[in-house]
Amino acid sequence: MYNGGKIIIGLLIFIGFSTFPFLFTMGKVVPIPELKLDTPEIQKMVDKRCVEPKEYMKTEHMVMLNTWRDAVVRDGARLYKARDGRTYDMSLQNTCMKCHSNKKNFCDQCHNYVAVKPYCWDCHIAPQEGT
Amino acid sequence: MGILFSFAVVVAIVLLVFAGVSGAGLNYLFAVIIPYIALLIFIVGMVYRVVNWGRSAVPFKVPTTGGQQTSLPWIAANKLDNPSTSYGVIGRMLLEVLLFRSLFRNTKAELHSGSRLIYGSEKLLWLAALAFHYCFLVILIRHLRFFVVPVPAPIEFLEFMDSFFQVGAPLVYITNFLIIIALLYLLYRRIGMPQIKYISLPSDYFPLFLILAIAISGILMRYFDKVDVVGVKQIAMGLVSFRPTIPDGIGVIFYIHFALVCTLFAYFPFSKLVHMGGVFLSPTRNLANNNRMIRHVNPWDYPIKSRSYEDYENEFRDKMKKAGIPVEKE
Amino acid sequence: MATKGKPPKPEELSKISYTPPSKGWMDTPVEFKPGMYCHGTRAKYLEAVGMPFPRDWSASEADWKLPDNWKEIVLQGIKERLQKFRTFHVFMDICVRCGACADKCHFFLGGGDPKNMPVLRAELLRSVYRKYFTTSGKILGKAAGARELTEDVLKELWYYYFQCTECRRCSLFCPYGIDQAEITIIGRELLNLLGLNIDWIMGPVANSYRTGNHLGLEPHTIKANIDFMIDDIETITGIKVDTTYNRKGAEILFIGPSGDLFGVPGNYVTMGELMLFHEIGLDYTWSTMACEGGNFGFFTSMEVAKKLYYKIYSEAKRLGVKWILGGECGHQWRLMNQFADTWWGPPDFLEEPVSPITGTKFENAKGSKIVHITEFTADLIKHGKLKFDKSRNDHLKITFHDSCNTARAMGIFEEPRYIINSVCNHFYEMPESTIREKTFCCGSGSGLNAGENIELRMRGGFPRANAVKYVRDTFGVNMLANICAIDRAALPTLMDYWNPGMDVCGVHELVGNALVMKGEIERTLDLRTEPLPGKGGTE
Amino acid sequence: MGINRRDFLKIAGISTLASIGGAAGLTLIKSGAIEAAQYIDDPRALKAKRWGIAIDINKFKTPEDYKRVMNACHTIHNVPEINNPKEEIKWIWTESYEHSFSSQEYANPYIQDHLKKKPFLVLCNHCDNPPCVRVCPTKATYKRESDGIVMMDMHRCIGCRFCMAGCPYGARSFNWRDPRPFIKKLNPEFPTRMKGVVEKCTLCYEKLAIGLKPACVEASNGGMYFGDLSDPNSDIRKVLASHYSIRRKAELGTTPCVFYIIGGQ
Amino acid sequence: MLETAFKGSRIYWAWVLFLLVIIGIGFIFYLRQFIIGLGVTGMSRDVSWGFYISQFTFLVGIAASGVMVVLPYYLHNYKAFGKITILGEFLAIPAVIMCMLFIFVDLGQPLRVLNVILYPTLNSVMFYDMVVLGGYLFLNVLVGWSALSSERKGIAPPKWLKFFIILSIIWAPSIHTVTAFLYSGLPGKYFWMSALLAAQFLASAFASGPSLLILLALIVRKFTKFDPGQEAIQALGKIVTYFMLTSVFFLGLKLFTSFYSGIPAYSHSIIYLYAGLDDYNKLVPIMWISNILTVIALVLLVIPQLRKNELLLAIASVCVFFALWIDKGFGLIVGGFVPNSFKQITEYWPTLPEMSITLGVWAIGFLILTILYKIAVSIREEIGNVDVHH
């Protein structure tokens, strides 16, 4: 190879970039976030159901919170009728976080895992936690 | 024809993945096997291509000079467009690779009122190319949040900057917008400008459609047909830690997006996209214009016999002598 | 045979459409248009330098008398060159067809033939490369932009690779620096493997091999020509300048283009140089063998080019000079700047060039020991060693044409401008996009200055002529200065065609005009022995 | 292969979109959109066409009377207590007669002494014709069509402070910095605000929604009347009909809905 | 054309570097403001707009004043402005960009700035201000750039450009009128609530903008080979004279109505600014500096012999510019908030971070201005519109 030194350095940089995640992880087992549902409020529930099915909540909770806030603040609506017919107070602090009073072990688990930093908590108050 | 063909290929890939995942349940194939293969092809392929270029000799130092040469001390040389030192060359290459300096120079010729050639400034291609490449880079780096734990602060910062304007939930990325606009402009050039259409090959349309499809499927996945992001990250982390897992219930749109990305990676080394590596090896840009200062050696140089002076004098000696021109042999 | 005839009228020729046809280029076979190509080379020229397949053939005939294994030869040639030239190898692979180069080529701008867009001219060869040397091309064929190498394709290559003057303007604008000149050079090498050159290149090559210069001037003729100039100088200045040939022990060997020893207006450049050298008392000599810095071998193959350049350093060595001074010539400087040292260096028998008059060390030439004459003269002027009467050039309104090679393979922009501004009062630049590194070719470079391809030349020179026309109409410019012998040969024709009345000159003609020489008579004539307006002569 | 028709349509839509980037196919994708019908009002909610407040200043006798009202509001709404007057945030507070009724016709130097010395509770007037709403470029502050409350949507506020310039009552406060450190005790049921947004009294819209009266009214021990101004039979209308009351800067045409009862029956 | 901005003399690069340093300092302070909040400024609950918004107001005027050279040239074919027109258009561009930046740095939640577009609010003057400023920026970029590139190519500007030129002429007063409406329609802000405000704004704009243009033209002439022409500069001098007089006249009108009517609310702010109110007088000294500068300027401008002297004209221009900058770029906004709704006084003075950010924005504006002027001048030099001597 001609100018081999420079080319090899360049290629090493290229390989380093393209395999960065592999090098960063080095084959470590990365724990999968585990959501704790063991809050007193949830324990008390006979039928341990969220507002909407888990699958829906997983992907749509941020949209739901967004639409809730507009509904509450702007439209003066207060209650949300879930698809199964039950109604809920539309409130992050007073509905969601009443059950999921373990923000660290619930919200933060996934949010940290996928590096999503919602700005909800700039205003909304997270429940007091022991830890 | 090239347009429709390339478009059809992209659609076919999408449908194939869809059928494979929701019909035949080939999740493992699309989420594990193909990604590994694609990455391997990408890395090995690119290394092979670059090494192959590297094995070609650089017999002559032929930089294209874009400014005043280094000559007399009182004449200001253009150190970047006509570098005579390694630093200058590095500067020139940085300008070229990071800012597309040559494209910045672009002009558009036009025959004004039938008789005058005029050259207008033409920066749109430069702008679109720059926007596209930088958006692509930012999007690529941003995606690393799925591939590393914990996510390093610089990646988080990039993500914050990209979603600087708080619009919607999940937040809208600025680069998503820009890359689509840039891609559409680049596509428009190939379809709407006769000259560019004329020179375009199927292999020019295909990457555009492919990347457009990647961008659109990504946007769809983030805002419309959402998937379980945590599950997606599990797949990604499974791949990078060589412990592949596939959680259930991840929407087919993810497999489509992922497969399109794998297609791009695997296609990369076989296509014009190798310009990513090639731009660094272009001898008209990465050499200094200092031949008269530092000798360049041709590695495959071989002896060539030319006409010697002796030969020459032998032919013309008489005439030279008659004209009073000195000769070696009287 | 293409007929040597008159091109269409300028009004006709300037009707150019840049919109390509709807039919794809691969499906459009090449059409040999008279006036757009040169005569194929005669056998004797190839034989003179020992090149393969010498035969007399004609491009306009169907049978090009190719050897049976022509295809293998070409493919083998490509394979070999991919290894030998990284430029070629990389440029075959990385083009993205962004089209930035499309409207940068003077042939495209002057003709509108889409295959003259540099990108497409390269694709002509690239498509063949893909077919035989890439996986995707082998499998996908046309979908990957690949095509078979057929005789038609070969002819197309010949037609279009002799419609490129290797000016490198496309390379400047290419985001990857893809240089069509490099591709054209390789393309022509491949064609030369089959003996497919043009007469107008091979003739000068053969001449150059034998006599040292393209024109085939024999030593005594060179001296006679220069003597003639010396007489003229005496008429004009009253001074008898002196010069020497093949003088051993001279400090400097001067090598210019042979065109300046023979034709008009090149001879005025030589006169200017003779006067300058006399005035400063330079210890220099001519070499009758190395009397040509230009090298048409470069338009043939690297090997031939190298062969023809042997004389440069060998003559310098034989004569025992300290360094070499190069004259006003375009592709001579492409070679002196980028190739001479690599081919025949290192010239360690020479000394690092120092101006004997000013003591300036030419640091930028310390390796190859070849200094450009405008570098040399600009330095003299800067040090106040020359006295000028600028008013002798007052009847001229001058613009300067940068030659492609000195522009984009060297970057000599300020030196000639500094000289011009020192010897003239009226200097005007052409539009910014047509000068310096963005300069346009004269349309006749790289050996295409023939007679039978006059339409091609007028078309290729159109962008240059158009810019000249602009300064003529806007500022009344009447003189087109340059530092290239091909320019001085090609531009007068081009100007006559597009901008009648525009004169062409070399920079050192202007120097000679303005130079105030010790002991000269009051000048009434310019170097062309025409009366100087307002200088006592007949108006 | 278990592809049903709907899924096929969906995927055809996605692939078309993915390939050409049109927006037309979007409707084919059934996302988890929430429908408007899913929002319902709390049956307990207090309703009116035009809420108003009347403050009977005669019933505010001791500083405690004022404090109780102000604290009630500020504690439940997490209003920070910032001592720097430049950065103060206040929803309901007191000003002197002269300052509250600064318009010419009321600055009567010979007015009854007790009025001159008496602090007046001031808060957002929930004007019928609110200039702050008129000027807001994002509808972050807006008048609720249903009951006339001048609302703040702190999620949308960009912090341009045009409303502060527009409000002739000085009812609006801006968060010049993060308010949290200045809140002594957080009410976990109500959010705080973030730096850079404007805030003010929202007439306890969150309490009305569950059938409760505004905190200040509740804490006023009858010193404040709250009711529907559009209903001639409401308490507030009755008390206004029977007492002399004034409003702040009524001449500006903003039609404030906070009344000050200064006279007896 | 942009490429011409990358070739320049040492002075040019030193100036660019200087501006970049100022921008860098401003940016660091802005980061601080971004993290801490607008509490780093001198603004308060009572004076809730300060330096940023007053700079915005002043600069809208500078932007609008471009029309003072565009209109005579294009509508009345006043040839003397031929060379200076581009300078006027290229002054409007950075001025509008600075306006936008000043609004941006003044926002408490800059991340949400797009809400103005996402939730367009037709009853808000701010919305129209965004529209007119954006439109004006577009028009000036389009007109300036197209005209210059045609000039460079040596061809007549495209025909459709005429439409946009006329539009920009109509548009120019609108930007300042709408800006005046931001203030003059607010109930209870007696200092601003006047039908005259828009007219006052325009008058002061057409004095301050051309005075800046005079200074810029003189600087361009000194540092480059491009001469905008003595006649053009003198004509601008006359424009400044007339509008400065108008401006002072309007101030007189305002003083009359405010004081003769005897309605205290109308005079409080004026008294505060020029004499101090209830022992509060922080702004009095600079307001009087403004008055003195105005008097000096008027003396130099009104007497033709003095005005014709370019040095004196330059001094007068400096006086006009700073007099109006103090008046409009400071006093006007602060005065509107003093006294507050409760007739109390909170005083305002910008803090160091606030001033640094303000300087940073000005530096961005000057950088853009420098680049645009460099392009315009380089192209003029290139096409030989000016004499080039080597």
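Each chain gets a letter, A, B, C, D and E, in the order it is written, and its residues are counted from 1.
We adopt the following convention: contacts are C-beta pairs under 8 Å (C-beta built on N, C-alpha and C of every residue); 3 or more make two chains touch, one makes a residue touch a chain.
Only a predicted model underlies this, so the values are computations on that prediction, with no experimental measurement involved.
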**Study point:** chain C to chain D, fewest steps along touching chains
**Key:** 2
Review point. To reach chain E from chain A by way of touching chains, what is the minimum number of steps?
Key: 2
Revision key, fill the gap. Comparing each chain's Cα average against the average over all protein Cα atoms, the nearest is chain B
Revision key, fill the gap. Sorting chain pairs by contact number gives first B-C
Practice item. Tell me, please, which chain's centre (mean of its C-alpha atoms) is farthest from the centre of chain C? Key: D
Exercise for review: With chain centres taken as the means of their Cα atoms, state the distance from chain B to chain E in Å.
Suggested key: 44
Revision key, fill the gap. Cα centre of chain D to Cα centre of chain E, whole Å, reads 37
Point to revise | Interchain centroid distance [CA atoms averaged], chain A/chain C, Å | key: 69
Check your understanding: In chain C, what residues contact two or more other chains?
Key -> 86, 418, 431, 470
Exercise for review: Enumerate the residues of chain A that touch no fewer than two other chains.
Suggested key: 2, 59-60, 63, 119
Practice item. Would you mind listing the residues of chain B that make contact with two or more other chains? Key: 55-58, 105, 116, 118-119, 166, 226, 281
Practice item. Could you please specify the touching residues of chain E with respect to chain B in the complex? Key: 1-3, 111-114, 118, 149, 152-155
Exercise for review: Enumerate the contact residues on chain C facing chain E in the complex.
Suggested key: 417-418, 421, 427-429, 431-432, 470, 474-475
**Study point:** chain D residues within the chain E interface of the complex
**Key:** 85-89, 95, 98-100, 102-104, 131, 133-140, 156-162, 164-170, 173-178, 194-198, 249, 252-254
Study note, to complete from the structure: chain B residues touching chain C in their complex are 2, 5, 49, 52-53, 55-62, 64-78, 81-82, 84, 96, 100, 102-103, 105-109, 111, 114-119, 125, 129, 189, 193-204, 270-272, 274-275, 278-279, 281-285, 289-298, 300-301, 304-309, 312, 315-316, 319-320, 322-327
Check your understanding: Tell me, which parts of chain C touch chain B in their complex?
Key -> 14-16, 18-21, 24-25, 82-91, 93-100, 102-104, 109, 114, 117, 119-120, 123, 134-136, 143-145, 168, 171-179, 182, 209-212, 218-220, 223-224, 245-248, 288-289, 302-303, 306-308, 310-311, 314-315, 318, 336-339, 341-343, 345-346, 360, 362-368, 370, 372, 375, 378-379, 382, 407-415, 418, 431, 433-434, 436-438, 462-463, 466-467, 469-470
